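The following blocks contain the structures, represented as structure tokens.
The two complexes that follow have chain A in common; it is paired with chain B in the first and with chain C in the second.
So, the complex of A and B:
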């Protein structure tokens, strides 16, 4: 009796110890042995191949913050490799540099415009959705020219990917669009709707956010760009912006600074005829006034400026709409989405061919501007 | 066959009992002083500290002797209240020979001016009681001996509780003397319902033990259980209340203490008012409180002495500190070697750069630091106080700094270990602190094997153990499990005093209203 219970005990212990020893540590990897990828760039290469650039962060040796100031060592390294698709490129990279690729901290993906024009985006970023490491919150960009050059910087202590993602996330100006994440892009692609992605351009190691790239929902290929000016109009339509400035049409510069912006796209359906109204409500202040004949302390002059700004906004919007409807021929402002929400049945019948229908849809704008602050320079007459 | 065996056994028993009576016969005092003194000398005479003083009682000139142990009795009392009055020849009241009271009455009523006098006829009792500090008085011609209580125990002054200091609260701690301690309790809670039941424990070295409770509050079943468990103690000596604790606790394989120990009379008193039972042992300043619940270990009397808002905040802080003390290093190990993706990017980079060049994996790194800090703590504890403090500084600062400089451990590890150590100091009870420190190593190993999954596994295991654990039939995690809404006012938070009008429900007190 005693012997068998001891036997069961020993057997139980063997099982328990095996359970720990044989299964343990299966995903153990030390933090200093992984290569944190900060950002990635994909470019077109000859013979249909693609060229991937991975930006690895190099941990500064000698105890974190202490040596940051003194070293001139670069904080990152761009590892480049070419191949047919992203997966073989990744493995190729591990032959060159020690440590596995770790994508959980990847902030941005930049796609070269050449590649985006000829390759279906869904195929290109497929790996990012299958990989469990890479987050859906990673931002997507399109570059003007080579994507790899946007990941370069002259300042040694700056990691370009982090800088770009921070600029995009802060979204200070109306001249850049709301950052687009991988998961949003997936949503657009799955619903076959057209969308815009922030464009980057790089000059002499300085990368800036420069307009937007428009992708056609059906083909998932890049079809054209918005300039910074047109992005401004787009932002006024969508209301996806917090601040920015608008110049009044005066001889000397007078600038209106947006402090609050609310936009609404209202679809109207009358006997099967679809039309939209864009309502823009904004309030703000006069940020700069180069001593024009206007006196902002006089209400009549203030109204004049408000009217002026209102016209400028309308002009800016209509310019962007014109580009969308006539030049590119795609709905990149989310008009279709509003129609889907307000008139779901109608949407079912038009969604298949929405982009081409959108070309002829009449769109009106209604803008209200309120200047609530014009500084302390000047005086009220009489 | 069977019957015969039974008969045989009966016979044996009879023989045994006969022998006992014979033995007890020889234990009786004979009444002859010189013979009795001879017996006593045989029993305890080999001790150099036994003093026998022969004398003659008063005017009747009766031979007598007192026996006492040097140092255990108050010599002043022996001289003034025993010797001088016994030997006094003045016998004013009893001039008339016929009216003279019998000898025994004369001695107890007229001669001995001592508070506690007991009589015995047994030599055995006489000698054992002499050995614990009584003065034995033998009178020629009497079969009874007197035991006079003039014991003078060597005690120290009442000082502040060393192991549980408070900023605000009574500066009183128990001492080593049991009657002093019970007196302290009586002083602290002046109610006639405070009941003190004495027991004798220890089979060879007899020790007094007091079970204290409040009549009318305590659950009689609990009281009976405590008394039974104490009576079952069978060990030759109990040098400290820790022995009692270990011998009456529910589950000796659990890492968690199931009886609380404290030096503070106010703590014992408030526990008694919650319907708990206190156990005081002679010879130690540590009183025991049973039954205990887990949250009691994380509470300090100060939570109640301060106003309820700071009391609540500090209590929550202590729960947080307990969590850090238990899981700090293991979470660091899990995050830095399994789940780098869960750390904020900038922190991940700074951890990676701080670990750059460290030759050990995080587990070994953590073990090196944790073990060395445990060594430092133990060393600081054993050394004399002033040395201990400087050792802490030398160990903590210099060794830590040097280890980082030498690249053996990473600076972030030092931070983790230091925060963990400091967190564990916030635990108001030393006994739970040891438990948490021990469990920390277990969870560190598990997290190094399984990552966060191991930490969660350990937490589940710990919870299931704690839920099952009971202290004197009271669930260890009450009032959280089993859930008791009303008692939660005094669990994570400390509600205002006016809101806590009832005693804990899980104690099943006789009178649950605090009036």
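So, the complex of A and C:
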């Protein structure tokens, strides 16, 4: 009798202690008290200060943007603050708005072009790498003009950061570059190689992916831009693209749609002289053809278009190369990387001022275009 | 081991104990520690070479232990070298295991505090770990082995899954060229990688528990091959994603790697917490073996029941684990233990084996 009551007592104690010790709300934070950051923008401010814009998601309508009814409440709010660096800015914002900043869902970082031109990127984004909430998969952008305005949208239900990251990740067109994540940028910066990140431009609340920003590896500062057209050339060099179209050099529009694109940069070294060959292989179809009359059933006509497209690709590439070598003077196409792989010992001796050597390196291109079909129309009478 | 009957473990259990013991906190920093030394993307070759060295040393240990069936190094070192020197050797090994247990604990709590339980004090993570470990090892080697048999497949599966999901950010160009600068740089990292296999010396202790001691060689070999494959995959994936220059900047490169991709369409997008939770089991395995080995050593040295030593060691391990004041001191503690292992376990077993061969001693 005595034994059982003691057992019950022990068991009871265990339950009580468990109830206290094993409950899950030990250090909970309710979700209303957390500000989810969707994206961030950094701009230059007067007196060397920087201004950060944090885009908070407003929980009621946030997520997916498919809120019900005719609510016109914005799905996000942009909180702005200025300071010397990102850390004090973060604390400053907590004086203005309730809730802590939670960066684990940050999708994009936009850096204003003015700031990127004068500040070392490595210093600027240090916090993003150090912070354990922010992930290496966060995408990096540079804005044309104010970075904060790229995080604005006319549609209240759309969270601009999410939209931008979606567009970038889908990477539908050859006119945008492969999405650059923080972790990739880290690799470029640590190896002192020049690199490109996607540029954003904003007009009347419409943000679009508009060309690319080029960073010089040595200084880690922005030195120039590629236009959309030049980005196309860059993508043809690197092969980092899935789809897009190229116009033939005809009076009336004829468009070739890229279905497959493979590029290869081959370094050649002959008695210490470095040269490169860019090999581009692409196949695709004719997507639009305004010419009349035409007969694409005829193979010779098809070959003519092929030849034309091939010349256009060569032109596009050489234009981008010209900009890289003569205008910007940096290797933003990964030529050095291929040299490192194929001729590691030579690379050791040239890597120190590769960008300046790259200016005078001869580069040839070899393009092969294969038009496999032309859709539903083969012949048109004039 | 006084009057208790000696538990026996099967050969697969031996393999699992060795593998589980080797795989610890080291894998989370390995890509950095290797690349720091090698400076080219060839670290994976270094890892394989380091593994081969470890296997060679392990064979010497098995040969040595095989001469004294039913005895651990704590006992046969005394037989070979006499009472005093044997005691010193045993004490060194015991201290080593104690320090290693503390280090694993501390490293575990540092990563957990950083990534999973922010704001939780170190003691609150370390103490439950010690308690659970204590509970496990009071059961002896058999419960430990069975526990490891459960831990092993779970951790292996999740770890490999998460590693291969990172294929999205993996770029083979980052690993090229292979041997671009020749074999020179590869050799520089050899100490680091051989050290990453430390843990196989446990065979000198668990050998006495083996049901089929004649298969110890095979068990050790497989037990080492598994971590070798693990390390190589980890290195290739992490350096292939972060690049050589990027990987050396990261405190926990493997965790950085896992945080640098998101997979849409699966049940979860992010895998860092998942992997850490799973990996804590692996750290627990390493910790409990260390703890057990230290207690066993003490009990065999003083010929007393092991339980007293198990309870006695708990507070000591806790105190030692709290000694490093910051993360740098923690890493320093790790390399101190590593250096000790390098000199101690590469020389002592060889010497012991030589003495036994010369004296022709056999148990």
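Worth a mention:
Rule of thumb we're sticking to: the second predicted complex is superposed on the first by the 338 of 382 C-alpha atoms of A that agree within 3 Å, B and C clash if a C-alpha of one lies under 4 Å from a C-alpha of the other, contacts with A are read in each partner's own complex, and residues count from 1 in each chain.
Here is the rule we use: contacts are C-beta pairs under 8 Å (C-beta built on N, C-alpha and C of every residue); 3 or more make two chains touch, one makes a residue touch a chain.
What you see is a predicted model; the values in this text were computed from it and never measured.
Once chain A of one complex is fitted onto chain A of the other, the partner contacts of A:345 are limited to chain C, with no touch recorded for chain B.
When the two complexes are overlaid on their common chain A, residue A:77 makes contact with neither chain B nor chain C. By the document's definition of touching, of the two partners only chain C reaches A:186; chain B does not. Counted by residues of chain A touched, the larger count belongs to B, out of chain B and chain C.
After overlaying the two complexes on the shared chain, residue contacts for A:57 are found with chain B alone; chain C is out of touch. By the touch criterion defined above, A:337 lies against chain C but remains apart from chain B after alignment on the C-alpha atoms of chain A.
By the document's definition of touching, of the two partners only chain B reaches A:102; chain C does not. By the touch criterion defined above, A:137 lies against chain C but remains apart from chain B after alignment on the C-alpha atoms of chain A. In the superposition on the C-alpha atoms of chain A, the part of chain A touched by chain B in one complex and by chain C in the other spans residues 27. Those residues of chain B whose C-beta lies close enough to touch chain A in the complex are 336-338, 340-342, 345, 348-358, 361-362, 404, 411, 448-451. Contact residues of chain C toward chain A in the complex are 40, 114-115, 119-120, 169, 173-174, 176-177, 180-181, 241-246, 248-249, 256-257, 259-262, 270. Listed in rising order, the residues of chain A touching chain C in the complex are 27, 129, 132, 135-137, 181-183, 186-187, 190-191, 337, 340-342, 344-345, 348. Within the complex, the chain A residues that touch chain B are 20, 24-25, 27-32, 34, 36, 57, 59-65, 102, 104-105, 107, 133, 162.
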